[in-house]
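One chain, chain A, appears in both complexes that follow, with chain B as partner in the first and chain C in the second.
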Partner chain A sequence: MGEYIIKRTLQMTVVFFLFLVFSYLLFNAIPGNAFSNLLLNPDLPPDAYNRVLELYGLDKPLFERLQLYIVNFFKGDFGYSYKSFPKTPIELISERLPRTLMLFAIVNIVSFYTGFFIGKILAWRRGSQSETWITLTSVFSYTVFYPWFALMMLWVFGYKLGWLPIGKFLYPEKWYDAPFDSDIVFSSMIKFTIVVSLIQFAAYLATRGIESLSSRRNLRFASLIAIFIGSYFYWNNGAALIKKPYAADIAYHMILPVMVVTIVAFAGTALLTRTTMMEVLKEDYILTARAKGISQKRIRDRHAARTALLPVVTSFIFTIVTIIDGSVLTEQIFSWPGMGQLLLQSVLEEDIPVAMACFSFVGVFALVAHLLADISYSYLDPRIRIKSQG
Partner chain B sequence: MWIFCIQKGEKLSNFKGSKSWRLILLFSVFALVVVACGGDTAEEEVAEEATETTAAPATTAAPAEEAAPSGPDGVYKMAIFSDPQTQNYWNYLDTETDVWTQYVMSGQAVSLFGISYPNYQLTTSMAAELVETSVDNGDGTFTYTVPMVNGFEWSNGDPITANDMVWTYNIVNELGLLSNWETYYRQASSVEGEEADGIVSLVAVDDYTVAITLNFDAGLSAWQYRIAQAPFLNETYWSQFATSREDLLAADGAAAPVASAFVYNKVEQGAFYTWSYDSNTMWFGGDTTIYKSGTVIEWDNGVAPAVSQSFGDTTGDSFTYTSGPYVGTVEFTLYGDQDAAYLAFQNGEVDFVLNPLGVKRNLFDQLSRVPGVETTANLGNGMRYMAFNTRVFPGSDKAFRQSVACISDKEFVLNNVLQGVAVNMDGQMPEALTAWVAPVTGVLADCAGLNAEERWGKSVEILQAAGWTATDWGSHPGGADRAVAPTGVKGPNGETPPSDMLLYAPGAGYDPLRSTMSLFIADWMQQLGFDVTARPTGFSVIVDKVFTPDTCEDWYFYMLGWGLSAYPDHPEAFFASYNDTCEGGYNTPGFNNAEFDALVSEFNKAKTVADAIAISQQMEAILFEEMPYLVLFNVPTLEVYRSNVSFPFTDVLDGLTGTGGGYPSLVKVQS
Partner chain C sequence: MSKEVLSVKNLNMHYETLSGDVHAVKDVSFSVKEGESFGLVGESGCGKTSVAMSLLQLQADNAKISSGSIQLDGVELVGMNESELRKVRWDGISIVFQGAMNAWNPVVKVGEQIREAIREHYPEKSKAENTEKIESLFKMVGLDAAVIDRFPHELSGGMKQRAIIALALSCDPKVVIADEPTTALDVVIQDQILNEIKKVQQLLGLSLIYISHDIAVIAEMTDQMAVMYAGSIVEIGPTEKVFSTPKHAYTRLLLESTPSVVGEKKKLRSLDGEPPSLINEIIGCSFSPRCPDPSSDCENPIKEMGLVEIEPGHFADNCCVDCG
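Here is the complex of A and B:
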């Protein structure tokens, strides 16, 4: 396994280098540059534009700039943002990343669980009327034109019903007197979410071995209650108490984007789970389990669903990769100022240092996720492990 | 209660395998959390604790509470579509020139002169008088000596003096600040043996008098509308950061002293920005009376120095407004998507949407029917145009340009095809600048009101009269049908026009109006026997091609637009031969006309608006004859605002966003 990881890491390094070079060349192929708007000011002295280009190194030949960029990149120097000078791309990313991670971590978890749960039901109730309706709904969700759908949801829930906010991640008036900025609250929320997820995951692992289905469920449910109670005490004591109304405001603003993206994203997982599980249900060992008189729920959850999980988990890992670039539309429509908006804005404004840093981040994220997917695949599927060892 | 729950839980635990007890328990915990989070008492406790446990910084609750007794109440909420790039004024004028940054920028800078809206009248600002004449020093230099008003102060209590302006000027030069700073404080320098027009020295004669020496006899555009409107900032605060360009641009602008009633309050990057009323401000009140071509300012609020001055022609109809501010907080909320922003506007979440392009026509019509929404439509201070490349044939031939101008029935496209969404424009001046608009002459006047057949016939006549030849001049069937185009068309010297000439225009996604117009004009040129195709092209691609000296001869026609400044001196930039794009200027057509250049020279020296207008109209007459640009149309700026806000005026060239960023100091908001 160690040799495999080293080999894959080397491959990744080469791929990442090529990715950097091609991305840089592509960005530079866009006509104009970040300062082209200066050309539209006729009052500007004749040499002023050239002086700006000179200062930012844009007057140098492309390959010299590329060389310089690559060398500086591996030294950890990403330069300055052209459009938000003198901020660095890292400063901008660290400002925006928590907002995206918070939103899309929740979205991915919710949509994965919803999709897997519904997919399981679909496969199990094959041929029933409910399967037809749920499949139709899932196909609709999977194929709907997302910007239209998101705007319609905003219109219905935000404007017509007035239940949820129309975009943004906070109500400004609630933050006028906030003693900290939203990034601090986001950080607390992310830490909180991670801790809660780890507790729930630990509870899942700890109860895996329990044979009795009802005992296992009761224990998992008890852990959920414990989390609720723990959360209550956490948010009502100490520093978290001051942050609570602000965190609640952000959480309230997350409801609609999470709901909309979940509706669109769950369908892929659901349909994949359905297909995989239907294949699994044809297997001989399922027939054997039935012949042994094992309960239907147990066959479904312990025998079929667990095997069907394999491709679904892989697909889930690849979905995580698309968090950053996939968030562009969502963040734009819901006015959620995260990485997606930063990426889009930097590309449109030809702020190459920021765009490159964002893309590099996505690239590293994608490559690491693929590596993790490969490793987890071999972990989850013994056949792959045996093959790689053999 | 708890005992009951435990008993109930024990009872329910007997129902193993049933989901009911879990649901009840889950609901109980959920209810507990809701009560904990949602109760009024809890919120009050949190608020109290927050106040006690946090040392309130200057930008939080405490100052706002102090300001309340003497300051106005209410919040004016505006939507913006893009995150401002900086709160630092130095950085904003350096290379971060962006309208969103401008709208949110606090009043960190002042200038000697200013402009009153909606009549675009030149007025004083920090200057005590509108100094329009300089002293000729006899050595080729000219000095303007400007007295400043004694008594104005920055928000940190420092007096606003001539030293602030001198320090700003020195810093711009010493640190090599770029872009707009270079425009305002352009240095007199020698470039390749030629001396460039600029500032020789800028010094303080005393604390309230500044002397600016130039190496040229400046007219309105260089003096009144540029150097005298150059921004300057507070020396005390900014000098601590002025060690290098990077340090200065990186300094915290949110804490900078201002010369306005509002200071930055909350800056939540990517979400919203607020200004709050500064209770110690002297920048409030004062009456402004607006005439068609004049302004009277009466300012005596008991704190700031009293000002009573009149500018321009103060006769005729007028109206007066009293400056605010009338709100305690100005909020700028960021929306990533325009649809979401206007939905929020419709929902009453924001009072006004800052949108330099205005609302799209269909949305404007839709919003105009919504209760509680007011609308306003103003012409934009700009123009859309088609340029001919006069360096290459056939654009180099005046008759060709005139014939294209004649056959192009802009009114037909604007009224019949584009349903009146834009207003026809023939000259270089927006219609609202009434005094500046020159009477239409030349071919545009001759062809006005002609039908398609007559226009085609007239255009062919123009070509024939100039010595163009054709194998067959074709014919026009009359009515709305296309003409049978001439064949074998040749120029006066027997040159054959190139085939596959492209008319670059923005695509329909970027600007459907220009895109549509380009299709029609290309077709009309084809009907005259020229092989022209409209090519929808990215904005940056067009800009890159036509503004780059290396490619100045690589195009035939393009369509773009210009946003214009308060002083309409743009014909000089666009058509003076010394501004040729091949040499790095903005004269993209490469127009070269000695008579026009001579008028430009006179225009640049004009000391009064009346003189400038007279010369400008002579320049326009040449442009109507020569047609380096075919000016196309002006797009009205459509804006909407909630009926709970009111502005002292809404009829203003370029709209409420373009001229005043939503006028936060003048707007009144009903709670």
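Here is the complex of A and C:
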């Protein structure tokens, strides 16, 4: 296993290097540069443009720039943003990234669970009328033209009904006299979410070994209630109490994007789960489980769904990889100031250092996600053993 | 005399299909006594698995039991609801499926799959008790205790089958059904598994229903046997008697088409033709189209089909009794 990971990491480094070179060349193939518009200003002296180019090193030949960029990149120096000069790409990304990750982490978890759950039920109730209707709905949301659908939802919930805000991350007027920055509130929301998930996961692990099924279930339920009570106390005491209204404002702004993306994203998982489940239900070991006297629900959830999970997880990991590039559209529609907007903006403005940093991040993310996918398979399906050679 | 554990009376079961009802089990009656090994023999498609599945009430969705009764220790199984049936399954009747190679869930450890069955029926048992039980079962069927922590794909075919036998015994069932448990194995392993089953059956005094298309295996494994043809039992009785004085022409042909069942060398006779379709109603003797020497009234539709006793405990189809 260790050997496998090292080998894969080396391969990934080579791929990443090529990725960097090609991206850099492609950005430079765009006509003009970030400062071309200076030439259009008649008030500037003609040598101003050349001075600016010199300042940013854009007067050097392409190959030399590329070489410099790559060397500096691996030293951890990504340069400065052309457009928001004193800021570095890292600063810009670290401000935007949490917003995107939070939004899409929630969307992915919610849509994976609902999709998997619905798919499971569909396969189980094969042939019933509810199956037909849910399948039709899923196919609709799977094939719908996403920007149109998102705008329709905005129109209905934001404008017609007025229940939810039309885009943006927060209501600026509420924050005029806020004692802190929105990023501070947001990062404590993220911490809270992470801690809650970890506690839940720990409770799941701790109860795994219990032989009696009913006490296992009860303990897990108790831990869930404990988490609820704990969160209630957390948000109503001390520092968190002051942040509460602001956190609520951000959460309120998250509802619509989460809902819309979930509706579009769950369907793929649901339809795939349905197909694989129906295959698995024909297997002999399902009959064995029935002969053993195991309850239908347990057969469905433990025997059928467990094996059906594999291809679903595969496709799920591929969706995760597309979070950042997928976020371009969503963030544009909902005016969500995240990575997607940063990426789009930097490309349009030819702010190459920022665009390159964004793209490198997407690249690293994709490569690491694939590696993690391969490793997690060997846990999900013991038949797949990662061989260190070959 | 030991008491009857399982008694099946006039069981009729059919599959509803687009081309008509397939009558896979027709008026089948038999009983199994405590500690007895009962054999069910017949060629492929005669309805052996259908009988086994009816006993567990695990028949396919399109299967209907139209009449008859199945009693386990005096408790009627036909018409039981799902939750009552769940209690009977494995604890009352367990089964080693035909082609049991795929009977293991590939992503769950073997030990855990056995544990799951015990946990379902004896939730009060502790983890240590269950482990101990599984280890002793593994020892009995000749498996290493380490197999508990193995995944199914890590075991050879023979080991999987041994583990399946351990699984079938895990809840101390009243009756164990073995539906062609050795089909997918090579000859040497087949023999080992047969010996294993026989040993376990005698050791534990199991009530066993052994299903096979191979009459030689039935001879070796069973005390009582029934011969099935086209969904009906055509001859039933103590295995010895059926072998020494077969009454039905089909039984005789089965015996003659199997090499070296009972010592003396005979010229093998082959069984030509196909069994009849189970969709159409069969009038008279169902075997008559393939029968080597039918008598004139064999196809007589007026004659009622049914088993008659020819010697104590040994029954055969009445038509054939007259002919032979």
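Criterion: the second predicted complex is superposed on the first by the 372 of 390 C-alpha atoms of A that agree within 3 Å, B and C clash if a C-alpha of one lies under 4 Å from a C-alpha of the other, contacts with A are read in each partner's own complex, and residues count from 1 in each chain.
As a convention for this text, contacts are C-beta pairs under 8 Å (C-beta built on N, C-alpha and C of every residue); 3 or more make two chains touch, one makes a residue touch a chain.
Nothing here was measured: the structure is a model prediction, and the numbers come from that model.
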Based on the superposition on chain A, does the combination of chain B and chain C result in a clash or a fit? fit
With both complexes overlaid on chain A, does A:Ser214 touch chain B (first), chain C (second), both or neither? both
If you tally the residues of chain A touched by each partner, is the higher count for chain B or for chain C? B
Once the shared chain is lined up, is A:Gly293 touching chain B (first), chain C (second), both, or neither of them? second
Partner chain(s) touched by A:Arg65 [first = chain B, second = chain C, both, neither]: neither
Determine, under the contact definition given at the top, whether A:Glu283 touches first (chain B), second (chain C), both, or neither. second
Which partner chains sit in contact with A:Arg8 here, chain B, chain C, both or neither? Use first/second/both/neither. neither
Answer with first, second, both or neither: which of chain B and chain C does A:Phe334 touch in the superposed model? first
Name the contact category of A:His370: first (chain B only), second (chain C only), both, or neither. neither
If you take every C-alpha pair with one atom in chain B and one in chain C, what is the shortest distance in Å after superposing? 14
Common interface residues of chain A - those touching chain B in one complex and chain C in the other: 214
In the complex formed with chain B, which residues of chain A make contact? 30-32, 35-48, 50-52, 55, 82-86, 95-96, 99, 151, 154-155, 158-159, 162, 166-170, 172-173, 175-179, 181-182, 214, 218, 221, 224-225, 228-229, 231-232, 235-236, 241-242, 244-245, 248, 331-337, 341, 345, 350
Residue numbers on chain A that touch chain C, as the complex places them: 209, 211-214, 283-285, 287-296, 303, 306-307, 380-383
Complex contacts: residues of chain C adjacent to chain A: 56, 58, 82, 85-91, 94-95, 97, 99-100, 102-108, 115-117, 119-121, 123, 125-127, 130, 151, 153, 167
Provide the residue numbers of chain B that touch chain A in the complex, in ascending order. 16-17, 22, 25-26, 29-30, 32-33, 36-37, 42-43, 46, 49-50, 53-54, 56-57, 60-61, 64, 75, 77, 82-83, 85-86, 91, 94-98, 178-180, 182-183, 186, 191, 196, 226, 246, 249-250, 265-266, 268-272, 274, 329, 331, 333-337, 339-341, 343-344, 346-347, 349, 538, 540-541, 543-544, 547, 562-563, 565, 570, 573-574, 579, 583-586
